[in-house]
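First chain written, first letter: the chains are A, B and C, and each begins at residue 1.
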Amino acid sequence: MDIVPQLLVNAAITGSIYALVAVGFSLTYGVLKILNFAHGHLMMTGAYLFYFFTVEMALSVPMAALATCLASITMALIALVIFVNPFDRYSPMLPLVTTLALATILESCISMIFGVNVRSLESGSSAESYQIGSIFITPLQLVIIGTALMFLVSIAFLMHSTSFGRRVRAMSERLAAAQAIAINSPAMKGVVFTLGTIFSVYAGIMIGYETNLQPTMGHGYTMKALAAMILGGLGNLWGTILGCYTISVLENFAVGLDFGQYSLPAGYKDAFAYFIILMVLLIRPEGLLSFRRRMA
Amino acid sequence: MEYILHLAILVGIYLILAQSCNLTIGLGRLFNLAHVASYALGGYVTALASTELEMGFERCLISSALVAGLFATLLGGIALRLAGDYFAIGTLAFASIVSSLLINWKSVTKGVLGIPGIPRPEIAGVALYDNVQFGCLLGVIVIASLVILYCVFSSPFGRVLRGQAEDQLAMMALGRDVRLINTLGFLIASVFAGVAGSMFAYYINYIDPSSFSFSEMVFLVTIVVVGSPGSFWGCIAATFFLVLLPEPMRFIELPSSILGPMRQMIHSLVLLAVVWLNRAKLFPIQREV
Amino acid sequence: MLQVSDLHLRIGEASILNGVSFSAEAGDSIGIIGPNGSGKTTLFNCLSGFAFPVKGSVYLSGHDITHTPPYARAELGVGRVFQSFGIFREMTVMENLVVALESRAGILKTFFPWSMTSRMIRAKAKEFAAQVKLDGRLAERAGTLSGGQMRLLEIVRALAFGAEVFLLDEPTAGVSPKMKDEVAALINHVQKLGKTTLIIEHDINFVQSFSKRVLVLDQGRVILDDSPENVRKNELLREIYFGK
């Protein structure tokens, strides 16, 4: 049983990464009303850009971070203008298809430029873990949890106490009413989409340090974010974030614990998220934490 | 010549696969992202049945079709309760679970190593290792499948399927059991996907999870959209076009690591262009009461 | 001030607007009536930017706004009040008013909650809430209000926003009879402030008490444009509503 604290810590680490990815996904759904199937791929591309700046161009980390930030903003805006905006006033199925196209294009480009083999970011700091009681945790992992918390607190402040956050919430709830009080939707959509991309790119960079980068990693994270959103309620940001940590706990415990003689193979970790999606959709489609019924 | 034969066989398999996808995604506008899972199941059932159980061609083919059909019934029963975005998400979850099982259930599927040594079909005592003969068998199956699918498309059933895509409520008001029709549509599409999977396994003689990735599903969606969703002949034309389009690249000296991604990128760019050109008419917005 | 000429709009096969024309001066109060399907809400959509005509034009104070997006029209002073309640139910009453005031003031000045402008906005929001007796419920989610209170909140929010042209789509729909008087009083107040008000209503008595002018719409056309008394007496109206 003393594996439990370690499992909780592991869950906190992966949950934090999922949360940073899911924030953008949820906000994009709330404000733009689209499921951005290229979300994980944008994350992956941004992380590869950082890899390019730090490893191939040997820039210092702060410079590389700045460059990646600017490049990611540009990438997000281009993606928005070409793959989302032209299809805004038509069926919501269209962005579903175009973001799939975007995802494939990004994956192909990165595969061609960087190859399909994994790449890793070297953190430079020692990989030695600190030991606290029965828990082992590396400095990087502490950074991941710490910065994620910082970001989440900032997002909470942004969404609830600033005028920007109020506009985002107004748009998410009722776009027409928000426009009727002159909330500038194209500008807001651009800002929200870009912000979401930046958060997930940061998560991607953390993944690159903690494990590695692969051109195919995008899809899995999009699905995790989707599962978290279904669990927590579409458009419900905090529900989604809670969903991320819940999924993370379920994944880590299901694979980490032994059930009598049986131990679930680690490969099934990802399948949890998909299973959760189906279960929730069947039982309570509006999400476990959502109080709003979806109009079918 | 061998090369052209190879392309013809590939096109043949995709003709069945894409047209069956066209039935649900194109005609019915049911965004079933688990179609490739039916394809995978068809392939794996044939692989296992022919290697482990040493069943003959007809039995393998029918088993593949049956299992795929069963999968569709299960999928339909669950996913068709969901509306709009949720439906696509539900099918996506299903597809991902199947994919995960294929990779992880090593005792059955051998995981990423795949199942080698699938024999060619044996007809009247002759094992069709000659691609020309295999091509003929496939040709017969393709034509039979397309004829059946054409009949489905132009039948009253097909009309109702198209009708519910535009206005589900109107169809229900006319007394049509929309849920049943959609489930049937799924069933038919899935059976043919299973057949395509079976022939694929028989052709390549090897099967592994990588042929049934999400990118493959995106490719099918691309064919359906490019061929104009719901259009029988359009889908056939699009299959030829998209399967053959990237092939000239082989003649440029590109390393194989570039060839694969480049093909996908070409497909996606074509998809984007077609969606952009048809954006007003592509997916009709369900009329609200 | 508001000039509408020859609006035509089609949805699919159906022709919803078939040449609507009228004009309004600043401070006018116009009632719009007509049977269901005559195009009243679609007309409002065209005026506020949620629908775009295939033919015709809308001019506001000399600006051609026929094809401008809704948020741009709101900036020019168009205030749309939705039949289906356009308040933000998940946000508190206070936030509903604050977000409208902030929209006027601009995002930079109001970004941080401790800035001067933000504090002024909160104070003003309280005043507006007090006007509709909601100052005791500022911290509650707007979704907990009754229909009448929601309507009052939406109208006073448009006031707070600084709209000049009020498009009120069936303001008494979903409002209890008791609250109708309060809605009426608020609309009166809005009119006394000199705002231009266009009201879609089925309740012709309600319309009569507010409007100096009534437009009757039928099958996408204005068939009558007169004072309420004359409209009441008109034979054509009887035919439309009750048949020959």
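Rule of thumb we're sticking to: a contact is a pair of C-beta atoms (placed from the backbone, for glycine too) under 8 Å apart; a residue touches a chain by one contact, two chains touch by 3 or more.
Since we're looking at a predicted model, the values are computed, not measured.
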Maximum inter-chain contact count - chain pair: A-B
Centrality ranking, top chain (CA atoms only): A
Intercentroid distance (Cα basis), chain B paired with chain A, Å: 30
Distance between chain centroids, defined by C-alpha means - chain A, chain C (Å): 40
Rounded Å distance between chain B and chain C, as computed from the means of their C-alpha atoms: 52
Touching residues (chain side chain B, partner chain A) in the complex: 29, 31, 78, 81-86, 88-90, 92-94, 96-97, 100-101, 103-104, 106, 111, 214-215, 218, 221-222, 225, 257-258, 260-262, 264-265, 267-269, 271-272, 275-276, 279-280, 282-285
In the complex with chain A, residue positions of chain C that touch it: 48-50, 69-72, 74-75, 78-80, 82, 86-91, 95, 98-100, 102-104, 107, 110-113, 118, 157-158, 161
Contact footprint of chain C on chain A as seen in their complex: 161-164, 166-167, 169-170, 173-174, 176-186
Interface residues, chain A side, partner chain B - complex: 35, 82-83, 86-87, 90-94, 96-98, 100-105, 107-109, 111-112, 115-116, 219, 223, 226-227, 230, 234, 265, 267-268, 270-271, 274-275, 277-278, 281-282, 285, 294, 296
